[in-house]
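Across the two complexes that follow, chain A remains constant while its partner is chain B and subsequently chain C.
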Partner chain A sequence: MIVLSVNKLSKSYVQHHGLFSRKHITAFSSVSFELEQGKTLAIIGESGSGKSSLAKALTGVIAPSSGSICIDGVNIANKDHQQRCRQIRMIFQDPSTSLNPRSQVGRILRSPLLLNTELSEQEMDERVSDALRLVGLLPEHAQFYPRMLSGGQKQRVALARALILKPKIIVADEVLATLDVSVRSQIINLILDVQRQQKISFIMVAHNLGIVRHISDNIIVMHEGQIVEAGETAAVLDDPQHTITQRLLMNQQVKFRK
Partner chain B sequence: MANHDVFREETIRSPLAHSWYIYQQNTIGMIALWALIFIGVLALIGPWIAPYPLDHQDVGALLNPPSWFEQGEVHFFFGTDDLGRDLLSQLIYGAQLTFGGAFITVILAMLIGSAIGIIGGMSRGMQASILHHFLDTLLSIPSLLLAIIIISVLGPGYFNTLLAVFLALLPLFTRAVYRAVHDELNKEYIIALRLDGATPLRILRYGILPNIVETFVSQTTRAMTSAILDITALGFLGLGAQRPLPEWGTMLSDTMELVFLAPWTVTLPGLTILATILIINIVGEGLRQAIIKGMD
Partner chain C sequence: MAILDIRNLTIELDTSQGRIKVVERVNLTMVEGEIQGLVGESGSGKSLVAKAILGIKKDGWIVQADRMRLGDIDLLNLTPSERRKVMANDIAMIFQEPSSHLDPSQEIAEQIEEAIPSRTFEGGFWQRFQWRKKRAVTLLHKVGIKDPLSVLRSYPHELSEGICQKIMIAMAIAKNPRLLIADEPTTAMESTTQIQILKLLHKLNKVNNTSILFISHDIESVANLSDSLTVMYCGQTVESGTRDQVVNHPRHPYTNALLQAIPDFESNLAHKSHLYALPGSIPPLVHLPIGCRLGPRCPNAQKACVKKPHSTRIKGHMFNCHFPLEVTEDK
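Our next item is the complex of A and B:
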């Protein structure tokens, strides 16, 4: 079952240089892909290839210039955050900047519930406890402030915040890049567990091809705002057709050999 | 008695409570805070505790030195000036005029200036741009000069001084809060809050305001210092409060010609101004450091 279908999505913006000269910059253009329920799509590419912008446009941090984002056949490209966030949620790259340092974890998790559901206080507390347990934390952590948590725990809170509205799709923007290796594998296993339990589709922006091969079903390779190669992860990584994909693979294999 | 606390209960302090806990470890800061409270109380109840009324002149005791001198008398603790007015009473009354006036002015400037700053910071495009450049122009003029310009239009007087200082402080607050809000809006946790579907008001209340407390504290301290300096400077230049109002700067200028004959009439008001500003800065800097430390 196809949950998300993105059709000819583009984003370009104008950069002003002084009074009269302006430059049109294209972050990405004519991006189309589909995502099935419970599957993981990985977006890879060099830095500056538009993969982060694409993730932001999907979740509504930036508005796309043209194209459509359909979830279950409904176009959400121009809808407001409230309608969007029950369907698609985002996890940011760095958990230490994406959690408000002056808010308790409980309040951070309650805020989406408060704004988007009509639950009573007690039901909200239950949902917060459930979400914390789901990501391997304790209900007591709701009293904590982000500064008291470790990096891995913060990322778990960020995942709980994404999960708490029970969305269909979660977009993760390089969530694993800032974590160290042991915590990284914990979080990967956690994501895979949650995905199996709740049938959530993931879109992962990543650059570590080892992890990408491990967790994703499909892959998109981006270069200068365009999709240059797409397909099933195993097929693409085993037999890359485009030079960019080959180069990316070579880069990382060289690293492994040393 | 036996101790029943088998497990030490760890209470979780909020960042602000934690900052206050850190501030309490700062001995000099705490001394300064108590001194500041003392000055505040003086400003509040000064007229009731001053030993002599404001218009009291003792013709029998002109230019009495302070009580620790040989010719001094203890019922004129800080001595008297050339009209036989008790210096201690004058300084206590002056606390209301200088410190109290500065305090009210700063609070008002903070409320109104911050409100403008928040509106400017939360809005985008033309509105924000106009505010931005207009305030930049105002900020290029030193606050004392700005106050003198305003006084020259309104005419000298204590109330006009406060008004001028208020108007001079306004852009300072607006600019600082505008910048802080603007910086805050680009943080990831604010974007996350926006993605939750939060209204701008909610983003402001839970996302931005708790994170710019440090700006408020440091800005208020700076404004308080500059307000006291401006009020006393205008008083000293004869543009502010006029005698017989015992505003500290006015007292200084009034007794300038007595500096060789009766140095205490000049040094004591001067030292009072110095001490007050020092205390405010110690408290403000201590609070700022504590808030920054309390964050992590």
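Our next item is the complex of A and C:
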């Protein structure tokens, strides 16, 4: 079942130089792809290839200039934010800066519920403790402030915040890059478990191809705002057709000595 | 000959919770002209070790060691001014996030020329005119910057992270150091730039025979580059040895966990299966466990692990564990 289908989505900015001159900058143009329920899509590419802008456009952080984003066949590109928030959520790169240092974890997790649902106080508390348990924390962690948690635990809270509205799709922008290796595999395992249990689709922006290969089903390779290669992860990475993909793969496996 | 020889380095910090041993009896030996990798996750004290070697101390740090030598210089019995001289002449360091370590208000040219010591001048007095500028261009050329003149005229914010790191490396090699300490030089860089920097360090090591202490949290990139490896966890050395010994025949459960956590292309792991992960998280400094600090997270932990294990040494392969893993066959 196809959850998300993106059709000819593009984003361009206008940059003003002085009074009269202006420049059109394209972040990405005519991007189309589809995502099935319970599958993971990885977006890879060099920096400046527009992969982060694409992730932001999908979640509504920036408005796309043209094209459509359909969830279950309904175009949400111009819909109200509440609708969109309930279906597609985002996790950011750095867990230490994406949580408000002045509010407790419980309050951080409640704010999406307050803004998007009409649950009673008690139901909210239940949802918060359920979400915390789901990501391997304790309900007591709701009283903690973000600075009392370690990096891995903060990333778990960020995942819980994304999960609490029971979305269909979660967009994760380089969430694994800043984590320590031993904690990173815990988070990967957690993401895989959550996906299996709740049939959530993930869109991962990543650069470690070993991990991408392990966790994703489909892959998109981007370069200068265009999709240059797309397909099943194993097929694309085993037999890359485009030079950009080949270069990315070559950089991943440099051997300095034999 | 060993260029760096450290025995039982202990660093203690005075905090409001009392004195904490953040680095406990770390040993490190580097042979001249090798690349040594120092691997550890955050809070393992690897940057503190680097700072101790360089001699950067803050108030409230107590640095003790049985032996700490750089080549034939004993670093422990130097007066501060002699120590500074050693720091200036023989050791260079490059940092994480290079753009934040360059002066944002100065052009690159001024910053590089400042880093070139006058003792490196060669030639007659008539060649003195603008020699620093010429040398700056050569240095930038050496680190693989294609258009040195325009880079020299730029400010740090105009340049990409990769170029900034190359400039930092150029400034570090300006004084022909015997030891180059690279403290996480490639974190937060994308893979293409990362590879360029690693290749550059490898080239420097081969061409100039500079010894490099490469500090990183990513065992994958370090293992690729270095001749020998030291793995640290929470301020204790866990395992050290040649690259082959540590990567292919790890004896310590922590090293094993680090290596298993990397899904690479060769491994025949089932798609979307669980990765090997140690339970729990890295303990904060104020709650360090006694004895072997991996104890509470270790899969093989037993009663004996509350005592700090003695190091076992087999053919240069050193590991600190009460219950080391069996030697595995070649993969």
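The working rule: the second predicted complex is superposed on the first by the 254 of 258 C-alpha atoms of A that agree within 3 Å, B and C clash if a C-alpha of one lies under 4 Å from a C-alpha of the other, contacts with A are read in each partner's own complex, and residues count from 1 in each chain.
Criterion: a residue touches a chain if its C-beta (ideal position, glycine included) is under 8 Å from a C-beta of that chain, and two chains touch if they have at least 3 such contacts.
Keep in mind the model is a prediction, meaning the values are calculated, not measured.
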Putting chain B and chain C onto chain A via the overlay, clash or fit?
-> fit
Counting only touches as set out at the top, which of chain B and chain C does A:144 meet: first, second, both, neither?
-> first
Go through the superposed model and pick first if A:89 touches only chain B, second if only chain C, both, or neither.
-> first
Once the shared chain is lined up, is A:12 touching chain B (first), chain C (second), both, or neither of them?
-> neither
Applying the touch criterion given at the start, work out whether A:115 contacts chain B, chain C, both or neither, answering first, second, both or neither.
-> first
Considering only touches as defined above, state whether A:26 meets chain B (first), chain C (second), both or neither.
-> neither
First (chain B), second (chain C), both or neither: which does A:100 touch?
-> first
Touching partner for A:37 - first (chain B), second (chain C), both, neither = neither
Give, as a whole number of angstrom, the minimum Cα separation of chain B and chain C in the superposed three-chain arrangement.
-> 12
Any idea which chain C residues touch chain A in the complex?
-> 41-42, 188, 190-192, 194-195, 198-199, 202, 217-220, 224-225, 257-258, 261-265, 269, 271-272, 274-278, 281-282, 284
Chain B residues within the chain A interface of the complex | 12, 14-15, 187-189, 191-198, 202, 206-207, 210-211, 295-296
In the complex with chain B, residue positions of chain A that touch it | 59-61, 80-82, 84-85, 89-90, 92, 94, 97-104, 107, 111-112, 115-116, 143-145, 147-148, 161
For chain A, which residues count as touching chain C in their complex?
-> 46-47, 150-153, 177-178, 180-186, 188-189, 192, 207-211, 213-215, 234, 237, 247-248, 251-256
